[in-house]
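Note that chain A is present in both complexes that follow, paired respectively with chain B and with chain C.
== the complex of A and B ==
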């Protein structure tokens, strides 16, 4: 078991290194890099730079009048004056003491004199004057609000619905709820979001103005500070409702069906027949015996869902409801070529995903001792 | 032949699943109906007979000179100028005949298999039309039905004073009336045609029903009169035409993406699964790396080098479309390669490729089949969301995602979002139903 975990942890390194390498390479060779972007901004084309795609390409010609000294300064800020291999190593781990007089060992044990992803330093954003970690922390409340609520909503609803559907398998309730769940599954969240914002949002065509303008709170509203806590909570839930609904709608189907099928499978097993023959009431059989076994596949999904719920941002839904979350942050970073953010978030999220995957696999083993990864390899 | 029999049983099973089977039929009908989109929505007539000479403007390009005009370029068949050229100035009375003729031929056309019927259905299902009609009837000035031929008549009437003026100023202008017979598509607009003139006086963002202007003073007439049955978008293009063309391109895109994704996925997943060991290990790492780089990122970088187009988008999405199917095929191959018959084939000296193709793949095909409809859905949604973000196919191309973004940007224009939402969600819901049906029919473990 321990050796398996160690092997899995070791296998993460090539993956992470690969991810960083590939992004690093593409960033180095793609036109419209940071210096080009900064030049354009300094020359007053800033507003146009947020345009997607090849927009950055055409602007290069105009940027030539920039002062060479200023350019050199820019290149220094982004370490572009350094050779390629050094820049590459800098992204992973780099020892660069600021205070040379303090002596090597003092600097060596000082966190500040190290940089690179391996010590969780992702640098500063090019344009926002903040470090990548700060930005992520700043956007976290939005993503976490969506994530935490949807996590609990989906899990509770799905388990209850799945049990009900399994008990009434083949009956009308089962068929009808299946249709609804499948329709919910197939309506894409962001399309529903647009639909809702047009008909229930602030626009002229709306039937009712239920959806508030933007953000997660009415913090910009007049006198918000004086509101009671209760009112603030209601306001927060009010803002959260529509995005959460769109975010969650597709998630019900998979889990509900998973629960239902697991229960159905258990129902046919020997021990259930034995329990029935013993004369146990159906309720006891269901809640005491079947559920314990049937919910295993749900539990194994827990770790990755739990990790994911803080960090998943849905760009489209965030964009539609003007929420400032991680999804939007990543998108804007890619569009503006804000490379520290791109690489930093990519690294962090990949790490999360890999750890989550490992935890999921481990929880399989913990729950069901028969599963062994040692033999399945090779 | 055993496989064929099994397949037959499965297909039988699929057909017995009523929900899935009906969805499948509706879906294929939608696809077949949108395929000849050029014949449903076009700015050119299908058939134009002028003085006994037959023209096919929809297939061939004619210059205005062919119809007795002066310009060497292609005429705008919808324009007033072209009408004057064909029907002459004074013949407004006869023209009503002509146009009713045209509408008759239109009816003929609608009787032809499927096409017109499907279109009617289409219009009726989209709820914006009901709304439009209701509003329309409330409106004061519209006792007459907004019939096609009537609309044309109106057209000439309003044009009349202008035309007589032009006769007076330029005596050389009047052309002799011609014998004209035209067969028009049911919708006289295509996805990129931006009309320059309209009888209701509003070309840009016109609703299919009567609306009030922003300050609530004047009534804006319904775009239905101009033949925009679902109104226009904010560039004056016909929404119904854009929807039909957009649906066609989305479906073709989704289907072909699923096909190529499945093929690539089978190759890569099968290769990994069959050889296992180091090949598998390295392959998995590479897949992880590749999978964690956001698609958006690749897309933006590549479109910095290349001109974005539907083909390029297709190629880029293919870079990741294979991943889901590859994972399943890999797992199946890992399992099946240890079976007795594979070992036997190996002992008999069958080449690796032959074993994979002949012996393992047919047994691993179940996930491929069950995942196919969901891959199609994923392909359609990928295109729609990229188009929504303005990163997809550039502007004049018909796209559902672009319609969605127009709906979002023009919150008052609910006639844009309603039919788009209806069509898109209907398509995807039907696809999901079909997918569920296939999964139930093909996957023996799900036969609860």
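== the complex of A and C ==
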């Protein structure tokens, strides 16, 4: 078992290196890096993007060309003055002692002398004075709020609903709930979000004013500091309700159907018939015997879902409800060509996915004693 | 008295006598006569008795990430420039003076007669928000810090011709310039002044975001903020500059908050519910179809079109004459005639736009009227004598205007066909015109997909005159590259203009710029008459000299049909909640939201009425 885990962990290296290498190569061919963008700002081309002329909208910029000296400075700030191979190696592992006087070995054993993904250093954003990790931490409250609540909402609802549907298979309750779950599944979250904002938002065209539109709290309101903790919690939940609703609405269908079908499948099995034959009540059969077997696929999906719930991101929902979370961070990083963020988050999330996958596989062993990796590897 | 004398003595030791003119309270590009206001006058667009107090809430689109207004990385919070941090001088927005600045942090200024150096006398009472006085050291620090690697390159470029800043005494600094440029003395007045004892302290790094330490000398300080969510500024009750004449009736709100929105629909709905107080609308569709609900009918918030007289400049489809398709003026005229502005304005823009008639449109002073007369006529005749066809005949015999305006569109199409016929382009078998075996086909490249719907009708109209236009939307980076190398047939070009045209004209229309990669001479204009006029514009030291040359140049540009003129909007579209009052005059040179922040005030009577009406659900009367 342990040798299996070690083998799997070692196999992650080539996968991760492959992912980062492909991204690194792609980036070299994509135009529009930070230096290009600065040129564009100086030339004032931004104004051409709007419908009516820049001048008419009050932007009276005088265009300028970027000085070669400035250009060199910029390249230096973004480390673009270094050769390609060095930048590539720096991404993974690079020895850059700050204090050269200190002696090689002292530096060698100092964590601060190293940079690169392999020592979990992801560099700084091109456009913020923050490291990639700091930025991820900054966005976590939003992502975790959406993730944790939606995780519990989806799991509890789906398991209960799935069981109920399996028990009442083919009855009216089953059909009606299926329709609702499938409608939810087919509505894109962002369309629902716009719909909610326009009809239940603060505007004068709305039917009712239920939805606030300012991030996760009313912190910008006058006197917010003096609110009681209780009021702040209610305020937080009030702000979270609409985005959470849009976020989870599509998530019920898969898990509900999975639960229901798993139970239905178990119902047909021999041991259920045996249990019935020996006169056990239906409830005992369902909760003691069937559930244990039927929930295996659900439980094994748990590790990934659990890891994922803190890093949930949904670009459009975050944007519409002004929630500055990981979805937006990733999107803006790609649009603005913030390569450290692109590569850093890609590396981290790939790593998490790989670890999650490993945990999933291991959980099979825990749940189902019939599975053994040693044999299959032999 | 003795101190004054000593200062004068120090001054004299620095420079030979008589070099400085009299100390002035402001600077104008046209010398002391250009200053409209006297030392103790307030601006005409101020109401000195405006009530202080109240709160203003505004929206900002897109998250801000720092409180440092001048560093390279990140997006600065709104309101930092002017409200928290100050510059030495304050730009006048008065329509009566094109480019004047008055003391903000400085009491007076001495400008050398050769305009190669100047001295600022800093207000002795000026203080940063932590109580520290503003001194010459802060001015010098703020200049030197520009060379910091992480100072924003836009400003580095802007200030690059200031050679050095020296201390004369604790409240006197001298600026020396590297080159002669009329605008340079005024440019010094636009540099942000940072406290040296904070940002120059050991261990502090200018590239940082200023988290928690935004200390400036302005009327407001930061009360609270959350990156990417909101920021609230609080008015300093004891601000050192509150009694200066230029600040009377200014900065009236006790608190100003910006809320951040990341989605336009959410932002719009939030306004309509009173989530924030004022918004400028920049979409013709939104203005025509939205902001018409119950609350506006009840008078809770107001819609207003406020006319402005900012120079509209020129926006249009620019034809690249490096491609010989567009070499002939006749052909360019035909291409321009095929654009049906009236139709587009009615069907696409809800009639809100005005056609660009010339290159300095929407400005009473600079826009050429009627036929050329007086000095402008003489200039044009002389240039025509010298350079012949570079000055087209119609520049002298016809007024400026968009090609084919005031004429039925069918007639323009006829005219365009006739022009192309006479230029030797014959209709080929497939309906596309051909000359010397080459079909008349070209590509319009766009950076914004939004222009697709606007350009499709034009494409159809061009087909009517046997010209095939292909429309391609390309990635921004690729677009930049094409523009830089002039590797395109046609683009949407915008040439913004200020009220004080200068050096930048060379960059837009000058012959050398046609060969300089990255210049704004997209059309590839090489016109000797224009080159000569640009020289006059740059050297002009009197306003009328400048205006004459601008008008002559404008007439040539317009009649050479280098671009297919587009449109501009002659008013600001604003919505605001019905609780403010404002001065009689709106200085329309400044953005309207900026004017609300600086010059409007909360009107208690209106505020109460609105609150009452809202609680009852009735209309405000």
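Just so it is clear, the second predicted complex is superposed on the first by the 334 of 378 C-alpha atoms of A that agree within 3 Å, B and C clash if a C-alpha of one lies under 4 Å from a C-alpha of the other, contacts with A are read in each partner's own complex, and residues count from 1 in each chain.
Rule of thumb we're sticking to: a residue touches a chain if its C-beta (ideal position, glycine included) is under 8 Å from a C-beta of that chain, and two chains touch if they have at least 3 such contacts.
As the structure is a prediction and not an experimental result, all values here were calculated from the model.
Colleague: Quick one: is A:201 in contact with chain B, with chain C, with both, or with neither? Answer first, second, both or neither.
Modeller: Both partners.
Colleague: Let me test your reading of the model: by the given contact rule, A:281 touches which partner, first (chain B), second (chain C), both or neither?
Modeller: So A:281 meets neither chain B nor chain C here.
Colleague: One more residue to check, A:128. First (chain B), second (chain C), both or neither?
Modeller: The second partner, chain C, only.
Colleague: Given the touch rule stated above, what does A:68 touch, chain B (first), chain C (second), both, or neither?
Modeller: Neither chain B nor chain C is touched by A:68.
Colleague: Tell me which partner A:77 touches in the superposition: chain B (first), chain C (second), both or neither.
Modeller: second
Colleague: Tell me which partner A:187 touches in the superposition: chain B (first), chain C (second), both or neither.
Modeller: The answer is first: A:187 touches chain B but not chain C.
Colleague: Check whether A:213 is in contact with chain B, with chain C, with both or with neither, and answer first, second, both or neither.
Modeller: Only chain C; A:213 stays clear of chain B.
Colleague: Examine A:322 and indicate which partner it touches, taking first as chain B and second as chain C; both and neither are also allowed.
Modeller: The second partner, chain C, only.
Colleague: Would you check which partner chain A:354 touches, where first means chain B only, second means chain C only, and both and neither mean what they say?
Modeller: first
Colleague: On chain A, what residues does chain B touch that chain C touches as well?
Modeller: Touching chain B in the first complex and chain C in the second, residues 30-32, 52-54, 56-57, 194, 197-198, 201-206, 319-320 of chain A appear in both lists.
Colleague: Can you check the complex and tell me which residues of chain B touch chain A?
Modeller: Those residues of chain B that touch chain A are 19, 276-277, 281, 285-286, 288-289, 292-294, 296-297, 300-301, 303-305, 307-308, 377, 381, 384-385, 388-391, 404, 407-408, 411-414, 417, 421, 424-425, 428-429, 431-433, 436, 446, 448.
Colleague: Any idea which chain A residues touch chain B in the complex?
Modeller: 11, 14-15, 18-19, 22-23, 26, 30-32, 52-54, 56-57, 169, 179, 182-183, 185-188, 190-192, 194-195, 197-199, 201-206, 261, 264-265, 315-316, 319-320, 330-331, 334-335, 342, 346, 349-350, 353-354, 378
Colleague: Can you list the residues on chain C that touch chain A in the complex?
Modeller: Per the touch definition, chain C meets chain A at residues 55, 63, 65-66, 71-75, 149-150, 153-154, 156-158, 160, 207-209, 224, 226-230, 232, 255, 257, 259-263, 265-266, 268-275, 282-284, 293-296, 300, 308, 310-315, 349, 353, 356, 362, 447-448, 450-451, 454, 475-481, 483, 492-498, 503-504, 507, 516, 518-520, 566-570, 572, 590-591.
Colleague: Across the complex, what residues on chain A touch chain C?
Modeller: Those residues of chain A that touch chain C are 30-32, 36, 38-45, 47-67, 70, 73-74, 76-77, 125-129, 138, 194, 197-198, 201-206, 209, 213-215, 219-220, 222, 225, 318-322, 324, 328.
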